[in-house]
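Chain lettering (A, B and C) follows the sequence in which the chains are written, and residue indices restart at 1 in each chain.
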Amino acid sequence: MVAKSSSREGRVWHRYDRRQRLIRYVVLLLSLTVLYWAVSDIDIFWPWVWDAPNQIGSLGARMWPPDPRGLGEILGALLETVHIATLATALTLFVALPVSYIAAQNTTPNRACLWLGRFILVASRSVNTIIWALLFVAIFGPGVLAGILAIMFRSIGFVGKLMGEAIEEIDRRPVEAMQATGASKAKVIAYAVVPQVMPAFFAIVILRWDINIRESTVLGLVGAGGIGVILQGAIDTFAWPTVATILIAIITLVLVGEAVTGVLRRRVI
Amino acid sequence: MTTRSSAPSPRQGRRTWRKPPFIANPWLRYGLWLAVAVYLVWALGTLPFNWARIAEGVPRAARIFGGGFPPSFARADLLFTGFKESLQIAILATLLGVMLSIPFAVMAARNLVPRPVYVVGRAVIIVSRSFHPVIVAILFVAAVGFGPLAGILTLTLYSIGFVGKLLAEEIEEIDWGQVEAMKAAGAGYFATLVYAVFPQILPRQVGLSMYQLDSNLRASAVVGIVGAGGIGGTLMNAFGRYDYDFAFAILLVIIAVILVSEGVSGWVRKQIW
Amino acid sequence: MLEITNLTKRYGNDAPVLEGLDLKVEGNSVVAIVGASGAGKSTLLRCINRLVEPTSGSIKLNGSELVTLKGAALRRARRKIGMVFQGFNLIDRLTVMENVLAGRLGYVNLYQAITRRYPRADIERAFTLLERVEIAHYANKRADALSGGERQRVGVVRALMQEPKILLADEPTASLDPRTSEQIMRLLQSLASELSLPVLINIHNVAQAKAYTERIVGLRHGKMTFDGTPDEFTKSALEAIYGGIEAPDDELTAPAAKPRKGARGVTHDDPL
């Protein structure tokens, strides 16, 4: 087959055929247009951009060395952050599990419940934790309750969606077998659904707890408790060495959280 | 018929069976329950709840939702400007972040670089992943001032962390035979990267970029809350001025935009793969 | 006594999977239902315990109509009909004992079911049956730790825990190796006589059907083409059931619910 075409002289080779090239040019042109629009239209004072590295550098210099005073207060706030994340994750389950049950196609009692469940999941997931926090701070005032509720309301969508998917992906055959024994719907769920989604449940809860620890660190910036409150305070008073200590504390907390979830994941699953 | 120790008393007629507990050791089992109870008491006891203020919550909620409905789109121009800025921040940050994530991903891939470089690359990725974008944003706002520049810098770093991590993992799993083939052909380090490594990670990279654009658009809505530009600032102002009807209008549009962006991003990724 | 009259089942507007089927099973006989995949064997069995809703017709178990039952009455009827599945349909993450006791779910209340506090008589019966099939020492093992033959024995014991008036077995040996499937067939045969229980077995292995049952019913395209003793099951009867259906039988039996197997039973296990 090679010999057949080798008679022709002056062959050319292209990486892409004509249609592929056309698509690539259109996509490229479109991207460049969008980029040009974004760069030219954005409300940025360009001299500041060229000065930004200096500014960032000088901020970094002002933070050094980290100030270890107030470490006790920082550790207290870290603990509060962990409490917020943990309590919120625990509370989430009470809402997320029923919601996932009605939002899964194979367990939902009826169409109305299915759509209600899906609406709750979408609403919860579309609003960021910090926006939820803004809302709850306005309602319940600054403090940890607003933080816990904010984390909880965001987590319901996450846990509920993944649990709903886990329920939809179960093996149908044990369900059939349980129905054949004359078991009621509740018993079929207890025996054929719950055991099958248990591993997914643990994995999802552990994953969300890890994410919630990260998210709890920022709640304080809108007044919803945790380490963010003293971070905001330190920034407002230009106490940059303290800010550095808080940042180190946060990164340590996040890494410890990640390590703990790693161990839990290996233990439980 | 032999019954092993796992089966209860072999005496006929008086056999019982209990479900074997999830945790075999009774001390550990009950200890765990006790630990959970103690933790709950401790956590709830030490957290500073301001009950007097919380009690006002119901009338306040009524006022907020009463003031919020129906949402007001009277200041649609402000809404539009905010979203335009969020979109611009997301686009520029994604572009910068995705481009910068490539060198950092190479640095953080164990199989391509010497150990010291690997440690630096990993450290950059770990640090940029550990900080929530809002914290990074507040620092950039402090350094370079209010406005979209801080937002772009924040989300660029955020993208480097996320895309860089996944890309580094992808690089570590590439088919090494292609790299050897390039080396055998006498290619240098960068030629090997371009011919043997990048083609293998490109599909993944394009998919990740689309995902990251979606993700950055979401995040750009919140970094504004601490002054890094975009719709978040507009939302924060509306809340601060008790303009709840405008705030709810913004929220509704944010949800709509996120849903659309999620759909578009998912569609594009499906087309690519 | 099981009495099926004029049973028809069609999915949507497709050609019927079962058409005007009449079948009477009395006493403690073991009946094999043979037929190519997609002939409607599985649908027939599932119509009896209403895992599949019949389109029309009547199914009577010991004189009471099953087709019209709903809700709690249907569940009460189902617990008297044991079923053994091709894929065992065990709950993998639960222990053998829990799987076996699940056969009592139609009898115990929800609290007992969730806390696994089954009546002593149930546990006694479970141990007795597990010993009968020689797997009592696995009681506290997880179901997915067992081999295929052992898993099917758990499936059989679960069905027997229901104290059924009839046992349905849907291709109970199709997922097992030849030796193990012989054991399971022998087990079903002897249980039928020990417990004086009628057993309906869907099976595509004609040799096993002839060896372990006393009556063979042949289905083709949802209609009965043969009903008689294994001795009467001749080459012409076989031809009437499988004739013209060769290896790629999915096209020929297209309206069938789920074409799960190829025609292996015909081409490889065929004894004639």
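Criterion: a contact is a pair of C-beta atoms (placed from the backbone, for glycine too) under 8 Å apart; a residue touches a chain by one contact, two chains touch by 3 or more.
As the structure is a prediction and not an experimental result, all values here were calculated from the model.
Between which chains do we find the greatest number of C-beta pairs in contact?
The chain pair sharing the largest number of C-beta contacts is A-B.
Average the CA atoms of each chain to get its centre, and name the chain whose centre is farthest from that of chain B.
Following the centroid criterion, the farthest chain would be C.
Averaging only over C-alpha atoms, locate the centres of chain A and chain B and give their separation in whole Å.
4
With chain centres defined as C-alpha means, what is the inter-centre distance between chain B and chain C in Å?
Taking the average C-alpha coordinate of chain B and of chain C, the gap between them is 50 Å.
Averaged over CA atoms, how far is the centre of chain A from the centre of chain C? Could you give it in whole Å?
48
Considering chain C alone, which of its residues make contact with at least two other chains?
98
Taking each residue of chain B in turn, which ones touch at least two of the other chains?
Nothing qualifies.
Which residues, counting only chain C, touch chain A once they are in their complex?
Where chain C meets chain A, its residues are 49, 51, 72, 74-83, 85, 87, 89-94, 98, 102-106, 110, 113-114, 155, 158, 162.
Can you check the complex and tell me which residues of chain B touch chain A?
39-40, 43-44, 46-50, 53-54, 56-57, 60-61, 64, 84-85, 87-89, 91-92, 95, 126-127, 130-132, 134-135, 138-140, 142-145, 147-149, 153, 218-219, 221-222, 225-226, 229, 235-236, 239, 251, 254-255, 258-259
What does chain B use to touch chain C in their complex?
Going through chain B, the ones touching chain C are 1-4, 6-7, 13, 15-20.
Quick one: in the complex, what on chain C touches chain B?
Contacts found on chain C: 95, 97-98, 116, 118, 120, 123-124, 126-127, 131, 134, 136-137, 139-141.
Across the complex, what residues on chain A touch chain C?
Within the complex, chain A contacts chain C at residues 171, 173-174, 176-184, 186-188, 190-192, 195-196, 198-199.
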